[in-house]
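See the structures that follow.
One chain, chain A, appears in both complexes that follow, with chain B as partner in the first and chain C in the second.
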Partner chain A sequence: MNVEEQIKDILARITRVDKSIITRQSTFKEIKADSLDVVQALVAVEETFGIEIPDEDAQKFQNFGDFVSYVESRLPQKEKV
Partner chain B sequence: MENKNTVQNGRVRVAVDAMGGDYAPEEIVKGAVLAAKKEDVEIFLVGPPKLLQQELAKCKVSNGSYVHIVEASEFIKENESPVDVIRRKPNCSVAVAAKMVKSGEADALYSAGSSGAVAISAIQFIGMLDGVYRPALVGSLGSFAPDTVMVDLGANVDCKPDQFLTFAIAGSVYAKRFLNIADPKIALLSTGSEETKGNQVVREAYSLLKSSGLNFVGNIEGGDILNGRANVIVCDGFVGNVVLKFYESIGGYAQVWTEQKLRKHPPLRALARLLFKSLFPATKISGETEKQSGGILWGVDGVVKIAHGASRARQIANGIESAKEAVKAGVVESMKSELARFNQGGKS
Partner chain C sequence: MSLQGKLALVTGSGRGIGRAIALKLASQGADIVVDFFRHRESAEQTAKDIEALGVKAEVVRANVGDAAKIDELFDMIGNKFGRLDILINNAASGVGRPLADIDVKAWEWTMDINVRALLLCAQRAAKLMEGRGGKIVSISSLGSRFVLPNYTVVGVSKAALEALTRYLAIELAPRGICVNAVAASAVETEALKFYFKEGLVKDSRQVTPAGRMVVPEDVANVVAFLCSEEAFMIRGQIIIVDGGTSVGLLALAGKGAQ
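Presenting the complex of A and B:
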């Protein structure tokens, strides 16, 4: 499973929305994720990929695509399948 | 680790957030010491050890016997975001107390700190029961409507429609366990009895409740809250909290109004004062009984009790006592089994 699908799974599990409605253009508001959902997703993503996402970086995510791109940019090349 | 929720040696182990509350740690420690005088409880005070040892010394209790200190150097201040518990202070006092419940080192968490921080600690570090999104606060309406509970009373200001289902299940478990109602009638609080009344979330919740298999009797309006039409009144935490505080204020305002009206008739005024004094504690919405402060967070995979921030030692002791009783009553196990029956399509 690629990075985008893994993050989508995490977000769908936490917000309990249908995974199919999450696109790269989806904002957190559109998928009805409140601040706690977002923080839980950040923690879960950090644990899954073994990275740290500083708050100042997370605050710049405008949509799901930004989140995915950021995580991909932080991973070693071989993991970005 | 799994939440074992096992009572050790006949004593219920309560992890107390010693740094949460307007009068923490002094009143929390005093309350914990009072509570620990009972033979069936063991207290773990979570906070900075040096500070807690000083407070225990004031109570002439050393760290030992059935009051223990568990180290947590940080705590959440009132002006901090509750979400900070997860990202910035995962080892603060309330988080450490929650982790003790998760690991099985404690049977219950008790805190008078920020409600949001307690709820977030419970969600993140203990976890929710299967099928429950967020915890809810349930309360009985007391003497005016002794067979009625409301849920949610303020834990969830913005709700998704399916949360109302778990609110209904939590309310049903409460009504069965604490009010001895075999098959509680569940109603949705709305602006009219028709299915089409209410905002979008309430209308969607109506559809879900109608097809849920629960004992759903439809919408009720504000005027029906006290008339017994429903045993479980379901609403979002915004509405529930407004109703709760309005309801709790009625007694005081009614007394002032009545005494003003009778100011030219001193004997009647004195009689009215006497009547109000004996009757109007009835308007306090309770956790399980009037003497207890705060409420249980329903839907968490462990007993979590939130106290009012302004609680003093006596209320803290009562709250710890009620957390202990909730463990003994098996409220989490009851909620689990109701959810399991519901998820399997059975009637809750």
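Presenting the complex of A and C:
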């Protein structure tokens, strides 16, 4: 499973939305993720990928696509799919 | 300097009240373990400012809402320092919602970080304080005993924190460990900006008899006192730092405060 699908699964699990509604253009509001959901998603993504996402960076995410691109940019090259 | 050679862990000390406490204890000679969860840059800045005071700082990332992360944090302290003199249980989180909207997730998140962390940290800290005594001070808020809008889950967590403080104080007393808490009203921090946004607090200067808002240093000063030997006989107490807000409410109402 690629990075995007893994993050989608995490978000869908936390917000209990159907993952099919999540696109790269979706905002956290559209995914029905409140501020606690977002923090929990960040923590889950950090643990899944072994990276650290400071709030200073996370606050810049405008949509799901930004989140995915950020995580991809933080992974070692070989892990990208 | 009264805390020379002591080692203090301050949870959530990247910013706000925790940062002010870390700097205050450092200014009295204590080495500091700076714990953070979401703001590494701030934590590293706190550590730099601590080191500028001539003491050591160790930055560690640990979400105290996660029991495994608390274990890792204390394993590190045990391995690296083999002791702990002061635990400041400051890290806190919360969800600002009306009662009807508090779900299990919001409840557990808040309780785990604000209350369970004190239990788990105190258990581990007490072992590192064995034979040397120590101080445990938690940060509470007025919401533990007064009702603030949309503050239910945090207020309840702080009430539990205060109760736990009393129980810990008695159980740990024979080991020479002093356990207390400081309850503040709204303090001017980054977190407060969030609460303003969520509508949890209004401008509290109007209801503070002391004429200004509480600042992190006001809280840090009292915490530092509780960490001193002068406070040895204070056990299981909740010291309120609110510029008179809680005792002055009726007086202010009489004045027709907005």
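Everything that follows uses one rule, which is that the second predicted complex is superposed on the first by the 81 of 81 C-alpha atoms of A that agree within 3 Å, B and C clash if a C-alpha of one lies under 4 Å from a C-alpha of the other, contacts with A are read in each partner's own complex, and residues count from 1 in each chain.
Assume a contact is a pair of C-beta atoms (placed from the backbone, for glycine too) under 8 Å apart; a residue touches a chain by one contact, two chains touch by 3 or more.
This is a predicted model, so every value here is computed, not measured.
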item: First, second, both or neither for A:19, with chain B first and chain C second; value: neither
item: Which superposed partner A:56 touches (first chain B, second chain C, both, neither); value: second
item: Which of chain B and chain C A:40 touches, first, second, both or neither; value: both
item: Touching partner for A:32 - first (chain B), second (chain C), both, neither; value: first
item: Residues of chain A at both interfaces, chain B in one complex, chain C in the other; value: 35-36, 39-40, 43, 55
item: Residue numbers on chain B that touch chain A, as the complex places them; value: 83, 86-87, 120, 123-124, 133, 158, 160, 162
item: Sites on chain C touched by chain A in the complex; value: 38-41, 61, 63, 95, 105-106, 109
item: Chain A to chain B touching residues, read off their complex; value: 16, 32, 34-36, 39-40, 42-43, 55
item: Residue ranges of chain A in contact with chain C within the complex; value: 35-36, 39-40, 43, 52, 54-56
